[in-house]
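Naming follows writing order (A, B, C and D), and every chain is counted from residue 1.
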């Protein structure tokens, strides 16, 4: 790249030794097929891993491992790098022993095996999952060094499973009085979350498939709830039970956590929907540009209320904006990848992206968010993210608004 | 995309759950105490359980933040009267304890019963859950030392929860068609921006997540910054 | 499932011990996050692997490992199970030494590093890749026991890279006289393929990203050509060079292989486009249905000429057909997942799927294909696949037309 | 979806290739011999190379199918005249050799030069490629025993390639808008179907890929068939 960019030095020499001296792989026989019957990334890719944020949590089994968004492409998150958030650790559950129970306000409470469920009418859909606490550390001031830690509780996969509506219908849910469902996990925490019946009957999936194969153990194998547009904690993993009810359950993770601290000292409870948000993933904080010149600025946009309509990018800290290209597909409640050209002239710059969803909602600046919700909040920080490019080419996390 | 359209045929799959099966798994307890099993436990009995099976993680007084945020602390007798934890507004106690936040006593009963102790969830007997919850409430001075918590009087205790009036649900984030609270506009040219950089990464945080050079590829459009060294100027 | 389906036995007993006796994972603490910083499938998933077809090829480094379609969901192929086809083995090439050269009928022949390429304007697109020899073994009679071997040279991923058109433009390709490009690999075989300029300027991508991360070594790390709709061999891996030319190159794999033997003894050369095709993946040959009753019949459809318009399914060997549900997204030159209800009454059945693409082309029966192309062909078998369900529930590979 | 719309800005990335670089990598040889380097090799020299560096895999007479289909065989003097390999039509030789199929001698020169010997590709010198190709053509009786193949006479040899007239490109599978050759119709009800099952899996093939039970999940809507046992009836 940079070192060879001049070209004149090379034109005088015969050229790049990586071309002139044929590499070994051009002169030898490679490895046979199925050397790895289940393949893995290159040995040159080991820097991109799920990582914890030191000091964020005290114990690894009630913690987070963040997705390395700084090095990912497109919208599909490699399943091996899907972010992890457990409250009482993860398990690799034997599917032949796993059961799903549906009870509560239904005509017939039922039990399903994995055999039963996987015979049922299935759907496949691509959706993002974002933890309600994603970007929490940045509510007040800048706190973390890279997009992995600021936005890495975000992943996107193709999920396959049976629509919850089909199951509720077959159990004969009480159409007149039911208002909510409770989803319950089979793990130690037996994680429980209230979900509105409206969501449950819309696009919620009782899912076993993720990116073409079964869910990974860390993501709920063999069964999890997929609740498109709603914060990740509601996507109950190792799902064992759905109860139909007529009022919310105020479970620990909706009565003590995942509640939004407002300036007046009250909390908002049952804040579920992840509002429209975006972030530039490359270049992003902790990365250094190679040189002046052309760059592809790329990032992700998403909305819990539907499709992304537009993404604008600023390189001058929000004074002027240009509209980015959206890659297809643009799906509801799914990540959308955006790209835009940028020629860096070597002077300091501040990169920002701003998403607009199909409802017309515009991703806010952090000060606009704080003007309404104050500074004590933890969850649902969907503010515009700013990355400052120094003259050295090093990019860092800043707040500019 | 309404998924119900997926099929018209009833599959007939699955089977009715037995009463014993529902009983084994339907353990949730709601704010109106639906689901709460009969039983009781004293503060004194709770103290024994707490000190034997909880305090190692949560501290003798529920104050520890070794494994999690503290459970007890930050509430006052006045809060018990108003049902609003004043410290939430004043910000006097920055670390919010469980008792400062929780509005519904059912939440604690339900959660302890399903998930605690952390390494042996669902190992407490019903009366033990009553007892240890009684003890937590007692540490928070919500119930007296000689209190016996039971399914009969828990509704009374609810009326003393310090933050029982602290929740609101009049927001747009439950309903997918809900009205957002923050309204930005998509200005495109010469937009108003406050001058300067408002916040930057504190120097000690630069390398607090390890060397970022090792968290990026060694090729491509950028390189990870070597955060073991100060940022170049 | 089956064993418990009656329900009456259970109603008399207290219930399923897997429910009544709380499983260990409900009573203990699970494992911490980032136990696997790069995650892997469950230990219960080890039956689904890439596998070779014994006797198909003689040496593993010039062979095929097939994708286990029988157990996959949705349209994204897990990268670890992407089919492999190498002609001289695979390598894990150091990206810092990898170069792409563009030469031939261009104003300025150029050299690009990975740094250069990954700075360029990028796109992300989902596309299927199918080997031209997929289903080759079935041209004459039934030969293989499962869909893994009959259709498993098929995968689908989200690819990220720079459009080849951008590179050709910047090198100043000869707009008047250029007709084709030659793509060349960096492996021992230095695989070369001629591609029409029309394709090259349309949607061909010089790609480094696959399903969110870098290409896997077996799939061309760090750079491969993505040639949507065209047979897999043209998607040159470990891509080192693109030459712009004015006539085809008749390389070994377009002059001795990947040519279609016609009944008159001639070969068709430069057959590139993968025509519209579909296959039911579950239930499929080598699988046994659990019991009578409801099943979700699911499969994949694709076309090298664009989008899938419709998929019909027959359960009576082609006498009567019903239109299946298509899962979203339905993208051009991409797999489309279809699903349809089926209640198996326990009597023998023959399952078939038939795809129609946006050009109106209807996937043919094997006898219709043979009526035109004869029986000596190897490549481009896009016939309707039949799976016979025996009374025992066992499904087998048959030809019915 | 024309991708060219991706950008309007010339990136200026990459750099001009040097002449030596292009020479090092631009090794392709086209049917019209563009790209063919000057040089020559005799059948006799080729035999030495063949026997030393090729025959172990392809057989002394290019007849082996140990590692790949045979290279030589199945062509006749008459084929050399007509430029059509008759056996392709009659099907007399079911295993098609390289010389039966290949229409362009450039293909062989190009391929041997870039990829053979398999374990040491690109190790042959230019004259060695001429020589070993001369020997292959000699085994196929396309050139005589005393022949010297060179860049000067290769165009003459092309006129003797047995299947030089065996390719056609008048099909619809090169152009994305090409006309398909097979035209089916999407009948929906009471469609014509030939009676019976026309082909089934031969019994020895049932277990030839290993036990299929072990190639499917042990849960879900189906189980893999135990192919170590005959199919149940």
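We adopt the following convention: a residue touches a chain if its C-beta (ideal position, glycine included) is under 8 Å from a C-beta of that chain, and two chains touch if they have at least 3 such contacts.
Small disclaimer: the values here were computed from a predicted structure and weren't measured.
The pair with more inter-chain C-beta contacts, choosing from B-C and C-D, is C-D. The distance from the centre of chain A to the centre of chain C, with each centre set as the mean of the Cα atoms, comes to 27 Å.
Chain B and chain D, compared by their mean Cα positions, are separated by 65 Å. The mean-CA centres of chain B and chain C are about 45 angstrom from one another, to the nearest whole unit. Note on chain placement: the centre of chain C and the centre of chain D lie 21 Å apart, centres being C-alpha means.
Shared interface positions of chain B, i.e. residues touching 2 or more other chains, are given as 1, 6-7, 9, 11, 13, 15-17, 21, 25, 118, 121-122, 217-221.
Of all residues in chain A, those that touch two or more other chains are 4, 15-16, 19, 26-29, 44-45, 48-49, 51, 59, 71, 88, 95, 101, 111, 113-116, 118-123, 125, 188, 190, 214, 222, 240, 290, 293-296, 328, 339, 341. Viewed as a network of touching protein chains, the structure does not reduce to a path, ring, star or complete graph. All chain pairs that count as touching, in label order, are A-B, A-C, A-D, B-C, C-D.
Residues 1, 6-9, 11-13, 15-18, 20-21, 24-25, 118-123, 217-221 of chain D are the ones touching chain A in the complex. By the touch rule above, chain B contacts chain A in their complex via residues 1-4, 6-7, 9-11, 13-17, 21-22, 25-28, 30-32, 65-68, 84-86, 88-91, 96, 98, 101-104, 106-108, 110-111, 114-115, 118, 121-122, 166-169, 171-176, 178, 180-191, 193-194, 196-202, 205-210, 212, 214-225, 227, 231-233.
Chain C contributes residues 1, 4-7, 10-11, 13-16, 19-20, 22, 26-29, 95-96, 113-115, 118-119, 214, 222, 293-294, 325, 328, 339, 341, 343 to its touches with chain B in the complex. Chain C meets chain A in the complex at residues 1-2, 4-5, 15-16, 18-19, 23, 25-45, 48-52, 59-61, 63-65, 71-82, 84-86, 88-95, 97-99, 101, 111, 113, 115-116, 118-126, 157-160, 186-188, 190, 208-209, 211-214, 216-218, 221-222, 238, 240, 290, 293-296, 298, 327-329, 331, 337, 339, 341.
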